[in-house]
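Only one structure is covered here, and it is reproduced in the block below.
Order as written gives the chain letters A, B, C and D; numbering starts at 1 within each chain.
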Amino acid sequence: MAGNSIGQLFKVTTFGESHGPAIGGVIDGCPPGMTLTAEDLQLDLDRRKPGTSRYTTARREDDIVKILSGVFEDTTTGTSIGLLIENTDQRSQDYSAIKDVFRPGHADYTYWHKYGIRDYRGGGRSSARETAVRVAAGAIAKKYLFEQCGIQVRGYLAQLGPVKMAKLDWAEVNNNPFFAPDADKIEDLDQYMRELKKAGDSVGARINVVVSNVPVGWGEPVFDRLDADIAHAIMSINAVKAVEIGDGFAVVEQRGSTHRDELSNQGFSANHSGGVLGGISSGQDITVSMALKPTSSISVPGKSINSQGDEIDMITKGRHDPCVGIRAVPIAEAMLAIVLMDHYMRHRAQNAHVHVTTPDIARN
Amino acid sequence: MAGNSIGQLFKVTTFGESHGPAIGGVIDGCPPGMTLTAEDLQLDLDRRKPGTSRYTTARREDDIVKILSGVFEDTTTGTSIGLLIENTDQRSQDYSAIKDVFRPGHADYTYWHKYGIRDYRGGGRSSARETAVRVAAGAIAKKYLFEQCGIQVRGYLAQLGPVKMAKLDWAEVNNNPFFAPDADKIEDLDQYMRELKKAGDSVGARINVVVSNVPVGWGEPVFDRLDADIAHAIMSINAVKAVEIGDGFAVVEQRGSTHRDELSNQGFSANHSGGVLGGISSGQDITVSMALKPTSSISVPGKSINSQGDEIDMITKGRHDPCVGIRAVPIAEAMLAIVLMDHYMRHRAQNAHVHVTTPDIARN
Amino acid sequence: MAGNSIGQLFKVTTFGESHGPAIGGVIDGCPPGMTLTAEDLQLDLDRRKPGTSRYTTARREDDIVKILSGVFEDTTTGTSIGLLIENTDQRSQDYSAIKDVFRPGHADYTYWHKYGIRDYRGGGRSSARETAVRVAAGAIAKKYLFEQCGIQVRGYLAQLGPVKMAKLDWAEVNNNPFFAPDADKIEDLDQYMRELKKAGDSVGARINVVVSNVPVGWGEPVFDRLDADIAHAIMSINAVKAVEIGDGFAVVEQRGSTHRDELSNQGFSANHSGGVLGGISSGQDITVSMALKPTSSISVPGKSINSQGDEIDMITKGRHDPCVGIRAVPIAEAMLAIVLMDHYMRHRAQNAHVHVTTPDIARN
Amino acid sequence: MAGNSIGQLFKVTTFGESHGPAIGGVIDGCPPGMTLTAEDLQLDLDRRKPGTSRYTTARREDDIVKILSGVFEDTTTGTSIGLLIENTDQRSQDYSAIKDVFRPGHADYTYWHKYGIRDYRGGGRSSARETAVRVAAGAIAKKYLFEQCGIQVRGYLAQLGPVKMAKLDWAEVNNNPFFAPDADKIEDLDQYMRELKKAGDSVGARINVVVSNVPVGWGEPVFDRLDADIAHAIMSINAVKAVEIGDGFAVVEQRGSTHRDELSNQGFSANHSGGVLGGISSGQDITVSMALKPTSSISVPGKSINSQGDEIDMITKGRHDPCVGIRAVPIAEAMLAIVLMDHYMRHRAQNAHVHVTTPDIARN
């Protein structure tokens, strides 16, 4: 397969280019019997959609999702779910200037060499526009996981350029356009973004996601460890360059006596592991952190070549996010939800009959 | 599937427990016509094998690999390759004390909850002993990639606890038992490890891998990006808690004008991207960094519970690596080779016929 | 995955119910660079579509397909191709009477037990309406195979109830609404179908497909033999109950000295094997035959039960094909094309570099 | 992947050539907690093994299977199960004469063109020797299905050349070397086989398999229908050329009023469908029939070419089964068991929570 699907049992396949008539996808494997309407998906789509604040691209897309199949009388039937989101604000004329040009830091050059053809309008398939479908699919997974297991998947902006959050207040996250969990930092963020826009430049970000209430025992040994599948899913998000589980890179300087989380009947003594041991969930919060690079679509001039190999100077016009990390919060949540849903189903397939009397200490 | 395979077209499946009679695996999809003997695999197995220095576990395994199929008259036939490595130094008696006990920081607790049964001898399937098969499979991929494309996959120890390498001298890496690329740091490493052993503790490490000479155009868009598949493969190595591609977490504070690698006929101006753009290889070196946690098998006493839920104090006996990161270098190389081999074949399947006249600037 | 995809490298995923707003699908892995427009797909869709003759269902669907992605300026880009066909003549009111009733010979009873819910309108997902998407996907495969290798995939009606074709005239097949290759039998077919309709009954059929110009060497050993994948694809068509390759069931009474096709420089002496040896194409025509059961949607009363377990008498109303086998010809062609396309790509992935000087005798 | 695996969740991968040191495989996904020893596998291996009667090849293999992993203290652990069967009676010298020659009716010609190299000893990977591993894997599936659901998978010889069985007496099947269910036909079979051997020829056969006690609801809609996956698995057996489910090719002449199995509280009125409706099990017996071609390894001289393209006359020497269909009975059972096990697990993954009050009428 050519990379447009994720998941083994809860399988999400997407299609669509930035400036084509529509984007969409298919979810194969959703369990039957869950109540579901398009509104359930719209909530997260609205959190991701462009044009909602001065900090994101000016492209306006309503991102209205239609459920074309797999749901009957507002209930999932177990058959494949077709999703469709029409593109309404393409403005292809913005992009004709880059037809033969490889924008630095973009996929133009690599797509061209791979395929010998590319839909140059707005990045075509390499555009983050595709992630809207992931968010819709993730919303289905989120709903099922919450209803069946009480699982919550919640992300936030941990750092934007030099601005680091100092506290984690979940109640604040959805109150501001940055998904920032620290109300005291909103002004810093606003000011930094204003200066950035004035400079015509962009900046990176760190996003964290916490998954709570995952039962102990999900994940597979060896290659499809829960953390390996999470790393895959997170690194598949446009612009992500790094992933950490639990303490992440801090473990390099840790000693085993510090890192290992001791067990008692009161639970684990700490969560250095980030909720995964041997590739399998421990029942603790799953903690994931990721870095998103600054978008390369900026108005600062840069050097490049065109498809004939001639050297050129170029400015990327169009409507772009100065920090793509901001809108990545619902996308990252969606990817985590999809991975967990898949592992839940894999666990049911092989181990549905397993019962141990040992307590789930993370629930104590 | 239950997680014991990796790869779509160059598919590696492994089996075997730490203290069973043997470990082994199957490689499905290896192209025909490559000369191959067991010695080709043994080279990397010897780099990984235990008991070779005072810094690793005292368990002695010769790790002699047998090729049982798929090779005829020293040439691959295109049929599945069966690999077998017998376990010879199991000493199961060392482990009977931990039969009902969950060692902190290990997979004991999670395997027990998942399966309701576990092979407690030496960690069973969760032991890094399984990685010997990965190294054997990776050696096949390495050989093919080098012979067909000149690709080199080379790793090194970048940091061990507080000891950071200050230079990268490839000639030094295989000259010392640490895979350290900086001869000036060997003494620091030796001294740190001695103190660590005396303390009965363990420590984390950072490993880097560089892949050179990858042609532009390998990888898939969207979910199976080359970097996403690399993240998956790397995070599937025991003890890995974090992965970076290119600049990794440093991108959080970078601006787009800094991060984007400009193009000219002389090649890219820099390699912030780590050789992957839009999930597809750019022709530059692919640079990967990873963090390995300190092993939890230490003689410092710790608190835990047993399978009845009783609280206990415990010390992990047995023979263990005080820094599992050291021996991870050939494993990480193997995983990179397997991922690249898979994407090479995926590329051939879909795009073998594509030819563009645009120069491969990374080769200029 | 829940069964809505076929293919490893040329992967077709479908969605949609008989009476939902639309059906559609995604093709993942189509090679880039092929000219393609919706008209290329429409040709085969028109051959399959209902309402075109008095011998098929009265439901009228134009089956206009839209290509939503993966094609740019009438050329495939290598990214996933989204397909959409809107349902326009659903008439759901026809089906409300069967809401709680299991029609004999249908999937109603089995879907209900599997999912606990079913879209009862027109069979929902179990309806052959889904096969329109297969036909569209198959048209893409057909075009690529023909342009790259000169491969032709052609099917015909071999038998309908008691009426057997006596000759195979390819020029006749698309001249009549039965896909019959024998002009002398059209009147018999017409008369048989009139009587059948009068009786309110249905009948089975035998369909044959011949694939010409397949190069020697496609297919995989062991499980994914070319014939095994063909059997899977053909048996996945609604109503198919049997599949033969080459001589099929006739081999039971054959001797080896008769069955084996001898080789000379003039080619094979015969084609008992049906173009597949050891699971791999021999270069001869691939010959496939299949049986389609009579549809169970008939107006002859029958006994059944409802979802409460009560016994009932019922007549299936609605608009149905008295012989579903007729319209299966383009569907069977599509499935063969999809399987061959997939194996072509798998062959390229592993064996693109193989060259032997031995002649391809089937081409001599 | 290159075709050496079958199954999605109960995944069987095999390796090994006819005359290599060993054959073996890996089972990934077996549920934990089942008691299992090598003896459980040996029973079916002994039914399949060569050299047990005058009607099969004279090659003697004890086919002793070793379980190398995935079983601890005679209980499955849920990790991958490694299987190994050493080849002990290879006699490679028998085969050197065919090194450059393509035996008619064999895979020699197609493997050569596909791979450019082949292990010519005894057919290498294309030999039915590989099926021993399938039988071992199938025995695990059989045991689990029987213990969990009471499912029985039983095959028999229905016809050998012109000799058709007249009755089905299950008690007789394992009493004779033909797996014949009709004691009155044993003498006919014996006499026919003696004449066949004298003629140096071979003959085809029909094998039937019946699976009893499958619950209603297993299988997937659309592509991975239970019958489609069965057709795939059966056609993947060496020499199989045709597959039928239920009434098979007889449906061509049936009317819908005859074919559809009516429902009542006493169960289905008949089993024309063969236990599968809409790709999903109905709770009735699953009935499968298959045709196996006569082996092409006969001493009757035949014409062929060699790898230089020269025409030659040849006789296939070596030790061969005059009717490969006989030993196919346990192989066919194994394939059915593997498919059902896989679909059981797929069903659990998606639909484990579904409960309907409608009675399972096939159990009434």
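Note that in this section contacts are C-beta pairs under 8 Å (C-beta built on N, C-alpha and C of every residue); 3 or more make two chains touch, one makes a residue touch a chain.
Quick caveat: nothing in here was measured; it's all calculated off a predicted structure.
Student: So using the touch definition from the top, which pair is joined by more C-beta contacts, A-C or A-D?
Tutor: If we tally the contacting C-beta pairs, A-C comes out ahead.
Student: Among all other chains, pick the one whose mean CA position is farthest from the mean CA position of chain B.
Tutor: So the farthest one, by centre of C-alpha atoms, is C.
Student: Quick check: how many Å separate the C-alpha centres of chain C and chain D?
Tutor: That pair's centroid distance is 26 Å.
Student: Distance between chain A and chain D based on Cα centroids, please, to the nearest Å.
Tutor: That pair's centroid distance is 45 Å.
Student: Where the centres are mean C-alpha positions, what is the separation of chain A from chain C, in Å?
Tutor: Here chain A and chain C have centroids separated by 38 Å.
Student: Hey, what residues on chain B touch two or more of the other chains?
Tutor: Where chain B meets two or more other chains at a single residue, that happens at 1-5, 8-9, 14, 29, 32-33, 78-80, 114-116, 125, 221-222, 346, 350-351, 354.
Student: Which of the residues in chain C end up touching chain A in this complex?
Tutor: Interface residues on the chain C side: 1-5, 8-9, 11, 13-17, 20-26, 28-30, 32-33, 66, 68-70, 72, 75-82, 84, 114-119, 124-125.
Student: Quick one: in the complex, what on chain D touches chain C?
Tutor: Listed in rising order, the residues are 1-6, 8, 14, 102, 104-107, 109-116, 125-126, 130, 159, 161-162, 196, 201-206, 216-225, 227-236, 238, 241-265, 269, 272-274, 277-283, 291-298, 300, 302-305, 307-309, 311, 346-347, 350-351, 354-361.
Student: Which positions of chain A touch chain D when the two form their complex?
Tutor: Counting only chain A, the residues touching chain D are 8-9, 29-33, 78-80, 221-222, 345-346, 348-354.
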